[in-house]
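Below you will find the structure I want to go over with you.
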Amino acid sequence: MTAHPVDVVSTAPYGAAADPYDAAGWLSATARTLYERGWMPGTSGNVSVRSGADAVLITASGLGKGRLTSADTVLVQADTGTPVRPGSPRPSAETCIHLAVYRAFPMVGAVVHAHPPYATALASRRYRAGGGPVRFTDLELIKGMGRAYLDSIEIPLFANWREVPRIAAEVGDHFAHPATDPAPALLITHHGATTWGADLAEASDRLECLEALCQLALLIGD
Amino acid sequence: MTAHPVDVVSTAPYGAAADPYDAAGWLSATARTLYERGWMPGTSGNVSVRSGADAVLITASGLGKGRLTSADTVLVQADTGTPVRPGSPRPSAETCIHLAVYRAFPMVGAVVHAHPPYATALASRRYRAGGGPVRFTDLELIKGMGRAYLDSIEIPLFANWREVPRIAAEVGDHFAHPATDPAPALLITHHGATTWGADLAEASDRLECLEALCQLALLIGD
Amino acid sequence: MTAHPVDVVSTAPYGAAADPYDAAGWLSATARTLYERGWMPGTSGNVSVRSGADAVLITASGLGKGRLTSADTVLVQADTGTPVRPGSPRPSAETCIHLAVYRAFPMVGAVVHAHPPYATALASRRYRAGGGPVRFTDLELIKGMGRAYLDSIEIPLFANWREVPRIAAEVGDHFAHPATDPAPALLITHHGATTWGADLAEASDRLECLEALCQLALLIGD
Amino acid sequence: MTAHPVDVVSTAPYGAAADPYDAAGWLSATARTLYERGWMPGTSGNVSVRSGADAVLITASGLGKGRLTSADTVLVQADTGTPVRPGSPRPSAETCIHLAVYRAFPMVGAVVHAHPPYATALASRRYRAGGGPVRFTDLELIKGMGRAYLDSIEIPLFANWREVPRIAAEVGDHFAHPATDPAPALLITHHGATTWGADLAEASDRLECLEALCQLALLIGD
């Protein structure tokens, strides 16, 4: 077997001391892995890690994630999304959604956004049926969303406004007064799923669990 | 093609003479393979092998199975599930289910538990329809469950109690008076599948067959 | 990308001059590839090549196909299925079906049998609906079954008798008076698919096309 | 993780200065990748790049795409499809469809044609329901088809005439008077999907997005 790329992802949380260079390597490896799974078709999807108190390292815009290298990442200011260094590649167009998550959850070290098919389809079916959060009940994999002792979780579902900052604003508003211990994930109808955690490994693990939950929900039916 | 990890799994049954160090390597390789297939999303799933008369080597708790190494395993006492050595990683929270299987079947050398989607969905649909065992009839892959000459097999279906020892107790009770030649597998609703065999290769082979049987049952329909 | 195992399969037909040693390497590589795709769960599936006028090299019985090596093959007599050399591994229990195909089609150099899910499910649904051949109409991939200029093909569908020689006998009877230019494939209900061709590459290509045709038939619906 | 083959595909558009030798390597790597994904079963599928003003390099006919090498490509004249050099392998039987696309869109540098299952099934269902273009609305991945600011796109749907030049002629006619900014893709019922772009990476990215859009459309339902 070839080693899995996530094998080399440290489980240490990213923080002020994280080396941006290594973080870039981990970011691009994570993006390539998600691409290989078919969850980032074309140039879609974006991944970020917190870098110190005031910055976020995020994948660059418009690149095929299967071809991503360390150079295809950009350090942006956590408050504005502006690249820290002149001449940086253009950050992902969805940087503002990542920043909304980092602002809402100070302990979060990494955010992953992708287009896994079952999560996207379940979100869209729910939205078409009137919207509201997607709730999972009884399924064991709920524990993989960091919620070991609950029988159900709710994943908030957002509209896919053409203007990305409008999505980010709604995400920010939603989490300004979150429920106690909200699930580390959100869904955007007709678009995809976003998860977060202390580090890239945890954020990726949660995306896997969310997609598996959504596949099970579709297979089990009503 | 890259070599398949199971390529290096010995087909010799694990027993008193098994080298725990090599067993750890095989355990982690098996877990990585099942993760790669998508059957152990996030940190879910657990794998064990019997180690001598009184101990079981099992994967540690809470780790991403795609990142597992030999060090992420722990030797526990077969009767209590307590780590044999102080300072060991914490064993899987589902160790007690593995131990119930080893107690019921003295010849079993390995147990594999994962969350393959079709088996989990079929178990949940059956449970919602009133429960009782999942029966497969006529399908050739029944032979892959160690039952060459039968036209059908039944896989017992258990409730997914929040208290894992309660699941283990029901598994133990069920197999205390098993049918003649019971199938080497069980399903837990909304949770996943567990299979066993003389060694890791056989237990894994049976998990593959069970998942394929469940996929066929869903594709063929009623 | 890692090289695909079929990369090393010669496209030259196997014949009297074929080196059995290399054929064993190709056989096991083909089996591993089909296993990796999920079409040979557990120890299921079997692959063979003609070896000279009177013998067939086939995969051994009861082994996980993901772990197969050159040593896990056995040369059998084409008329009886008996191993040519004493001390050989036991040949696949389905050797007689392979031999029925070689007898019916003298130009065939390789036979592949596996359990791809869509082909198995479609066969089972057709059988349950009354049986008769599975017909594909209009689909472009019909050309991949060696039938470039027809609008439809029929794949014969056989019962899955517990006694494998009875299946082989029915296959032999069916092809004793075949239609003009029969499709190089057969289906066995609740069991799987068998394809053949001049060599392993062609037989494998046809299995891929048959499985894709069956997936499309299920996705398109009635 | 093994490196993804598209990792080595340059993102520079192919043009008059492109080295045909490297283009052949990129063509065959792209074909192998699409084969590995299951989108080119058997010997199906074909890929091409523009080579200078008057020629196109295309994959050869009748070869398994998983086994393709640089030598399995042929330079053809862009107007006639005739091989530029005597003794070349026979070009893909669907070369004329590629040429129709190159003639319609002078800026296109690469064309990819494959048989991804969801696109093929959706095309066939639409055709059976009366035909007309396949329209995608609201889905975020529309942006992956080069159409960032539209709420919907239409992919033209063609009949699968047995005579391939007739398909090519209908493609040519369709795009002789295209809508403003037509989508870089077409579907052929019961057959597959074709996408194009400035280079192989862009054409491949768009095929991924189209297949993901079709999978979502089938999962979301009406």
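Just so it is clear, A, B, C and D label the chains in written order, and each chain counts residues from 1 on its own.
As a working rule, a contact is a pair of C-beta atoms (placed from the backbone, for glycine too) under 8 Å apart; a residue touches a chain by one contact, two chains touch by 3 or more.
As the structure is a prediction and not an experimental result, all values here were calculated from the model.
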Among all the other chains, which ones are in touch with both chain A and chain D? none
Self-contact between copies chain A and chain B, residue sets same or different by half: different
Whole-Å distance, chain A centre to chain C centre, using C-alpha means? 44
When the C-alpha atoms of chain C and chain D are each averaged to a single point, how far apart are the two points in Å? 31
Taking each residue of chain D in turn, which ones touch at least two of the other chains? 2, 4
For the protein chains shown, what form does their contact graph take: line, ring, star, complete or other? ring
Pairs of chains that touch, anyone? A-B, A-D, B-C, C-D
Residues of chain B defined as touching chain A within the complex: 2-5, 29, 32-33, 35-36, 38, 41-44, 64, 66-67, 115, 117-118, 120-121, 124-125, 128, 160, 162, 188-192, 218
Write out the stretch or stretches of chain C touching chain D in their complex. 1-2, 4, 6-7, 9, 11, 138-141, 143-144, 149, 151, 201, 205-206, 208-209, 211-212, 215-216, 219-221
